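Each of the next two complexes has subunit A plus one more chain, namely subunit B in the first and subunit C in the second.
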Partner chain A sequence: MANYGVKVTIDNKDISSTEPRDYVFNSAYGSVKVAKEPANKTHETIDVSAGGTATATIAHGLSFVPLVMLFTELKPGSGHWYQGGINVADPTDISGAVTLDGTSDSLTYVDSTNVKITYSNPTGGALTVKYYYFIFGDNG
Partner chain B sequence: MADIGIKVVQVGANIDTTDIREILMSSQYSMLKYHSDNTASVTLVPGDSDKYAEISHALGYVPAFIAYIKIDGVQYFINPPRASDFTSYPYAWASSSVIRCGYAYSVGAYNQMVKNPSSGTDYWYDGLGINGLILVGNYTGTAKNGALRFPSVTIANNETIVSAFLNYSVEYKGAGTGDMKIKTYGIDEDNTSSFSSSPMGRPQTTAVTTQDVSLPPAGQGFGINVKGQVEEITTRAGWVSGNAMGFLVFDNGSPLNVWVEDDYGTGVDANLTIVYGSNKTVDFRVIIFKDRIST
Partner chain C sequence: MNYGIKISQPGFDVKTCDDKDLVMSSKFNLLKTKATGVKTPAGAVAHGLSYVPIFFTTRPFFTATHFSLIGDDFTAGDATNITTAVNNTRYYIFYQQAI
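This part shows the complex of A and B:
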């Protein structure tokens, strides 16, 4: 195959480099494309009742199980956004924080239709939880 | 908007493909923009329950990121633990100024062992020659002694002992005034047996703690430093992790009616807390993107 395509290197790297990390973009390599994220690139929220659970369902519109990144401000108002997955907060944030539901792994998942995220609220008051996601146009 | 922009597809794919996976780059889809690649480490010291490192990003907003952890010198992992059935876990969060990566214990602390007696026969009150409680001090003018036993002490033979405390719970105490005066020995045996009869004559460690205790109110407790006793027992040639360890507590001239009692199975039982071993390094690697997830 002829050596054709599009390549862009980072500063001071030669365009003939064989090191993938030297490239900003190279059509020889796949790139992770954001297929969906919250509207206007603004986090979404979900209300979780005291002692209850709540599930966010995000239809991704893809025909396959995509790669997903999820971030949650587990303790509302803390300004601390956790990467996750099933996640447990920093000990300083545990009081007043939700968890991603840990009673069953199946409550937070992605399939070929939806991303589903279930939050549990062990506190005595209702919580409004902020979350942000990236759904990528690549197989998860 | 007109269908304009840049699109690059995989070799063999049609430029009009509707399968996003065949598209290498398209101005229709954003991509995460790399900001920085960072490493950080924390050193867990025995007894630590939470240690973290922070990485500044100077973006002024909360960025997307990926954090990896390497522990025990093995692989970097991204996934946090299950939300149950664990006692320690890594965490990572982003704020508008830093990424914090940490390692925390939801139960206890790093290299900390806490054991309670497991039955009434692990308590001995020599004043009445009975199990189920320990009472030491001056009880109506008479010196009272007792013993406690802790089964399944999971400290390896010759392990480094950082600290060891026998924590005594005050369920009842006498009405006298002044400090309670006690002496505490370890039982110098490999695997001391339960107290089916008086253990007060069992071999004593050379190490002894002589202590004047200002007794706290009922419901609270006090600690007896037994590091030397624990070291002496766990360095015995026959000591094996999982064996039982015992302590003998003698009155040492307490004032009239200055005594303390702890009953097995009610309130908070006594415990033996040993912090042991050496430090452990936990490594983090954090990829930070310029993409904003919150202000």
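This part shows the complex of A and C:
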């Protein structure tokens, strides 16, 4: 990179440092950027019928396949949020929880148009599931 | 600290808004990208760092246009490499020690 830009060090580090970890921000290095998350930074919900599945479709509006981070309260009301699209709840949360598909062609994925999140409800009662996502304006 | 850089989202006063309403603030460490790419075939990607870095990966599913979300693959990191398990895994490696 040419000799210009913006950089801010962490406390007690000199601005001449060549160690990237010494910087809070340094325009010489890229950084992931959040392109989309739920409106008002409030989690989304989806209703999943007893024994059924439900899919949330989020149009990301980007021209490439973005990085996506997902958090789900697999067991509604537990207050325990799990990361990822093929996650499995801790044993203490399995009872009364939804699951996600982790097969070789998962029903939870991102492509160049949408993020698709599919929850399965193996329980005998309907569940309202909370989830939160970050869609990054970067594609790895 | 009473100096630095911060930028608010549209509609928020940068002098008074909550931290969550900022686009960026030098008060908070930002992930700085070391390397990105697609690993084909699966295997080790030397990151050249002296520590286990934070990394994000996304792997293609059987339908090649479908990719996993962050954390949904079997890539592992150590102080030398991140090692992918699936061909064409996309990776992001950061200048930030994870472990």
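Definition applied: the second predicted complex is superposed on the first by the 133 of 140 C-alpha atoms of A that agree within 3 Å, B and C clash if a C-alpha of one lies under 4 Å from a C-alpha of the other, contacts with A are read in each partner's own complex, and residues count from 1 in each chain.
One rule holds in what follows: contacts are C-beta pairs under 8 Å (C-beta built on N, C-alpha and C of every residue); 3 or more make two chains touch, one makes a residue touch a chain.
The shown structure was predicted, so the numbers you read here are calculated from the model rather than taken from an experiment.
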Considering only touches as defined above, state whether A:Asn139 meets subunit B (first), subunit C (second), both or neither.
both
Which of the two partners, first being subunit B and second being subunit C, lies in contact with A:Val110: first, second, both, or neither?
second
Classify the contacts of A:Phe71 with the two partner chains as first (subunit B alone), second (subunit C alone), both, or neither.
first
Thinking of the overlay built on chain A, is A:Ala39 touched by subunit B (first), by subunit C (second), by both, or by neither?
neither
In the superposed arrangement, which partner chain does A:Val6 touch: subunit B (first), subunit C (second), both, or neither?
both
Classify the contacts of A:Ser31 with the two partner chains as first (subunit B alone), second (subunit C alone), both, or neither.
both
In the superposed arrangement, which partner chain does A:Ala89 touch: subunit B (first), subunit C (second), both, or neither?
first
Using the superposition described at the top, list the residues of subunit A that contact subunit B and also contact subunit C.
6, 25, 29-32, 41, 69, 83-87, 102, 105, 138-139
The subunit A residues in contact with subunit C across the complex are 6, 8, 10-11, 20-21, 23-26, 29-32, 41, 65, 67-70, 83-87, 102, 104-106, 108-112, 115, 138-140
Complex contacts: residues of subunit C adjacent to subunit A:
1, 4-5, 20, 24, 26-34, 36-38, 56-58, 61-63, 65-72, 90-92, 95-97
What residues on subunit A touch subunit B, complex-wise?
1, 5-6, 25, 27, 29-35, 41, 43, 62, 64, 69, 71, 73-74, 79-93, 99-103, 105, 130, 132, 134, 137-139
Would you tell me which residues of subunit B are touching subunit A in their complex?
8, 10-11, 20-21, 23-26, 29-32, 49-50, 52, 62, 64-67, 78-84, 89, 91-96, 100, 102, 104, 106, 291-294
